[in-house]
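Shared between the two complexes below is chain A, which pairs with chain B and chain C, respectively.
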Partner chain A sequence: MSALATNARVVKALGMRSVKQTFRRPQLIAPIIVFPTLLLAIQTGGASSAVQLPGFPPVQSFLQFMLAGAIVQSLMIAGNSGGIALAVDIEMGFTDRLFSAPIPRFAIVLGRLAGTAALGLFAALWFLAIGLVFGVTFEAGAAGVLLAIVLATCAALAVGGIGAAIALRTGSASVVQGLFPLVLVILFLSSAFFPQELMIEPAKTIAQYNPLSFIVEGIREPMISGIDAADTLDAVLAILGIVLLGLLLSDRALRHRLRVG
Partner chain B sequence: MEAATATAASPRPAPAPWRANLATIAALVARARNELVRVPGAAIPGVLAPTIFFLGLNGVFGALTHVSGFTTGSYEAFIVPVSMLQGAGFTGAAAGVNLARDYESGWVDRLLVSPAPRWVLLAGTVLAASIRALIPATFVLAMALLLGADFPGIDGLAIAYAMVAGMAAVAACWGSFLALRFKSQSAAPLMQAGMMALILTTTAYAPLALLAGWLQTVARVNPVTQVIEAARQGFVGGVSWADTWPGLLALAGMLALLGFLALREMRRTAL
Partner chain C sequence: MPAIAVNGLERRFGEVLAVQGIDLSVEEGEIYAFLGPNGAGKTTTVRMLTTLLLPTGGSASVAGRDVVKEARAVRASIGVALQEAALDPLMTGRELIRLQATLQGLPTAEGRRRADRLLERVDLSAAADRRVGTYSGGMQRRLDLAAALVHEPRVLFLDEPTTGLDPVSRKTIWEEVRALNDDGTTVFLTTQYLEEADQLANEVAIIDSGRIVAEGTPDSLKAEIGNPHIQLHLADGGIPKAEAVLAGIGRLLPPRDGKCVEVEVANGAADIPRVVRALDEAGVAVESLELVKPTLDDVFVAKTGHHLETESEEDAERPPVGA
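Presenting the complex of A and B:
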């Protein structure tokens, strides 16, 4: 068997383990699916009159607008949960056993990220299904839905890289868990829940430069108006930027972990 | 010699039951305080979460005040009581998580074999949560005042704090019920999500008339709507008894129901 095929099997096995682990532990799956769904329902019901505001983009309903925000919220939490699970593996000594196995180091991290990406895919499908059940129409059709799913999955992989890097560096589940409020801050300071033009300063200005805003808009546009090449390109570049940052941090953290044991 | 022997042999009179109960409650509250003093970092998530929600919701949904029918021009003032109550919900639910942790470590078993009545054990946990909830409430309030929310007046502030303490007690009963039912910290998301749903399916984001149809229906029957309206009155208008008593009644009802459920689980745990 070629080295590539062996590595692919390792990544697949670790990815499957990561997904199963999440679905078996309520404390991991609840924040990824239950909280964003609850918040989607409450925000959609509570702030639905926002669509009357002058300057609000033309949408079929507030739910149609909010779906992208819920997907991104879910995948951000999936990235954080993936980091927590990796840190637990380090605390329990499971990662040490993987390090001593004849498999490349990157496959260990990639396996965890594959699991996070799968959760991002699941979150995208979950929220799109909610949209369909409650009568949301996707303006760009099947191609737009596919684009949203692909962007969400890649974004989950990207933010998972940051979570993995922090887990590898600190080796502490409580430290990674402590970053959860930061996830909320980054979300609120993006256009995930409201049009950026209608946000209040300083949130408005920060949202303008927040890479998450580009990802949200890339996922949202196919739903509310149609595929926009510029928005899609911005989203892809934002995801690539986060992937590169995650790779760089993970590489350094992995070296640190191997050095300190 | 005989007198000395008689003195040594005679047992010390037992304190009156009410005095012993009060001492037990005070000891449990002191234990919760010690946890906070010894691990101050443990209080940070409870303070941070409602503060982030307050700042985030204000920054994101602040423009909602421009929608026709909104009852105030200041979203900070409108949302601050909600964030204070959210802090109470998080703190109360955390009391449930701590109880589950105590169960896992065997501490609850030791409490249950003590001669203290079950309601006293629950009262200690609930009272500690009520007092602790004042910390995030004060922090969020300070942030709101810094951002320009109007001071609600002494009466409005007193009512808001009373609602916060009461809501934390409700959340602690809910958390204790789940902790004793599932006997595991894994129930933590259920404790938090339950409180989050209860507090936010109300007039939290907008006045009743501006809510979507289904949420309007839920908010009408959700007792926490009355609690939020009572806590909010000083921030968005005048304080009146007519807006206060429904909140107190709602708190009393929720406390009675969830307190009963928590006590029942505690009795079952002891069997």
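Presenting the complex of A and C:
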């Protein structure tokens, strides 16, 4: 078996462990699915007339608009939960088991990210299913749904990289968990839950440059209007930027951890 | 070629020199015990030898490979069971060993075969599909050991493999370690239990404050110390007077727990009457006494000036003889 195939098996095995670990620990899976679902229900139930505001993008329903925000919220929490789980692994010494195996050590990070990406995929499917159940029409059809799923999966991997870097650097689950409010702040300062056009300053400008807004719009556009090449490209670039940042920071944190023990 | 060769190995954490330039050599097929108290540098040394921590000085090779320059080759040759079994409580025992097999690059079918075999070997087949979080401490240690063996390593590192275990679980682990060694596996184990080192090891290194203070077979180390000592339990308040009397008979050992006095004697049992008579004449009431042959703790005391354990198992298993 080639080294590449062996490493791919390791990443797959660690990714599967990561997913199982999340589903077996209610405190990890609940925030990823339950919290965004509840928020989606509350927002669509209580603020659905927002679609009538002047300047609100033309949508079939507020739920159609909100789905992308719920997906991105879910995958942001998945990234944070992935970081918490990695930090727990460090705290209980499980990473030592992985680090003492004859595999490239970055495969350990990639395994964790593979798991986070799978959770992002699950979150996308969950919220798209909710949309379908409640009659949301996906304007770009099957291709649009597929695009939204791919972007969500990749975005989960990207934010998972940031969570992994923080976990590797701090080795503390409570520190990573403590970043949860920050995740929400970054999310609310994007176009996840409200159109940029209707925001007031400085939130409007922040949302305009917030990479999450690009990701949200990349996922939202195929749902509410159709596939837009520019929006898709912006989303892909935002994801790539976060991926590169996450991998770079993870690599540095990993080297630091191995140096200091 | 030795299975483990260490030259001037050093690890500094800021201002603290945790491991201070140690040298050691472990031959193939040996059980080598690294004996020392908490904080002596045992785990730091193991972490360097297993490539989990970079040394800040010196060099080391395991299975003929440099731990820094050929770290991945080293990791392919070693099995590691670290202090406090590093297990995921949410995984089942079977999942853990299969994951370990994948990490070691074994094909899926072979990994499954070995997992089943190892689970049986450590008597965990019945619990294999239960989550590790439901296992007892002894079961977790056995699982950790099985996971470390999945790729049949040449050298096995066990960092305090029995710390916190009950005596029965401890003996089960010892039997397994002996069986592995009989199969040709070199074992490097750290321990703070004298009996463990004495029972298992061909070679013992005593480490204290980051330095190896003695090295040899358990028998040769004890022979270096030479004389047995008499351990006396006295009535309340008798210790200062007894120490004054016994200082004229033999060398007093450092106080262990404030409840007894120990004096090294040249003639073993023949010196007991003399000791009892002297104490009697001084009006010191002896509750019990025991003739203790040199132990690794005595070696430790001789080399470091203090005891390794305040409550060794040897003490627990050897009730004092009534005086």
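What we mean here is this: the second predicted complex is superposed on the first by the 261 of 261 C-alpha atoms of A that agree within 3 Å, B and C clash if a C-alpha of one lies under 4 Å from a C-alpha of the other, contacts with A are read in each partner's own complex, and residues count from 1 in each chain.
Keep in mind that, in the parts below, contacts are C-beta pairs under 8 Å (C-beta built on N, C-alpha and C of every residue); 3 or more make two chains touch, one makes a residue touch a chain.
Remember, it's a predicted structure, so these values are computed and weren't measured experimentally.
Undergrad: Identify whether chain B and chain C fit side by side or clash on chain A in the overlaid structures.
TA: fit
Undergrad: In the superposed arrangement, does A:P181 touch chain B (first), chain C (second), both or neither?
TA: First partner only.
Undergrad: Now for A:R252: first (chain B), second (chain C), both, or neither, which partner does it touch?
TA: neither
Undergrad: Taking the superposition on A as described, I'd like to know which of chain B and chain C A:R9 touches: first, second, both or neither.
TA: So A:R9 only meets chain C here.
Undergrad: I'd like to know which partner A:L98 touches here: chain B for first, chain C for second, both or neither.
TA: second
Undergrad: So, A:R17: does it touch chain B (first), chain C (second), both, or neither?
TA: So A:R17 only meets chain C here.
Undergrad: First (chain B), second (chain C), both or neither: which does A:R25 touch?
TA: In the superposition, A:R25 touches chain B and chain C alike.
Undergrad: For the combined three-chain view, what is the angle at the C-alpha centre of chain A formed with the C-alpha centres of chain B and chain C, to the nearest 10°?
TA: 80
Undergrad: Can you tell me whether chain B or chain C touches more residues on chain A?
TA: So, of the two partners, B touches more residues of chain A.
Undergrad: Please work out whether A:A50 is in contact with chain B alone, chain C alone, both, or neither, and reply first, second, both or neither.
TA: In the superposed model, A:A50 contacts chain B only, not chain C.
Undergrad: With both complexes overlaid on chain A, what's the closest CA-to-CA approach of chain B to chain C, in Å?
TA: It comes out at 14 Å between the closest C-alpha atoms.
Undergrad: Touching chain B and also chain C: which chain A residues?
TA: Shared contact residues on chain A: 25.
Undergrad: Help me check something: in the complex, which residues belonging to chain A touch chain B?
TA: 25-27, 30-31, 34-35, 38-39, 42-50, 52-53, 178, 180-181, 184-185, 187-189, 193-194, 198-200, 202-204
Undergrad: In their shared complex, at which residues does chain A touch chain C?
TA: For chain A paired with chain C, touching residues are 1, 6, 9-10, 13-14, 17, 20-21, 24-25, 89, 92-94, 96-104, 258-261.
Undergrad: Touching chain A in the complex: which residues of chain C?
TA: It comes out as residues 13, 44, 47, 50-54, 72-73, 75-76, 78, 80, 82, 84, 86-88, 90-91, 95, 99-100, 102-105, 107-108, 131, 147.
Undergrad: For the complex, which residues does chain B have touching chain A?
TA: Within the complex, chain B touches chain A at residues 45, 48-49, 52-53, 55-64, 66-69, 185-190, 193, 196-197, 200-201, 204-206, 210-212, 214-215.
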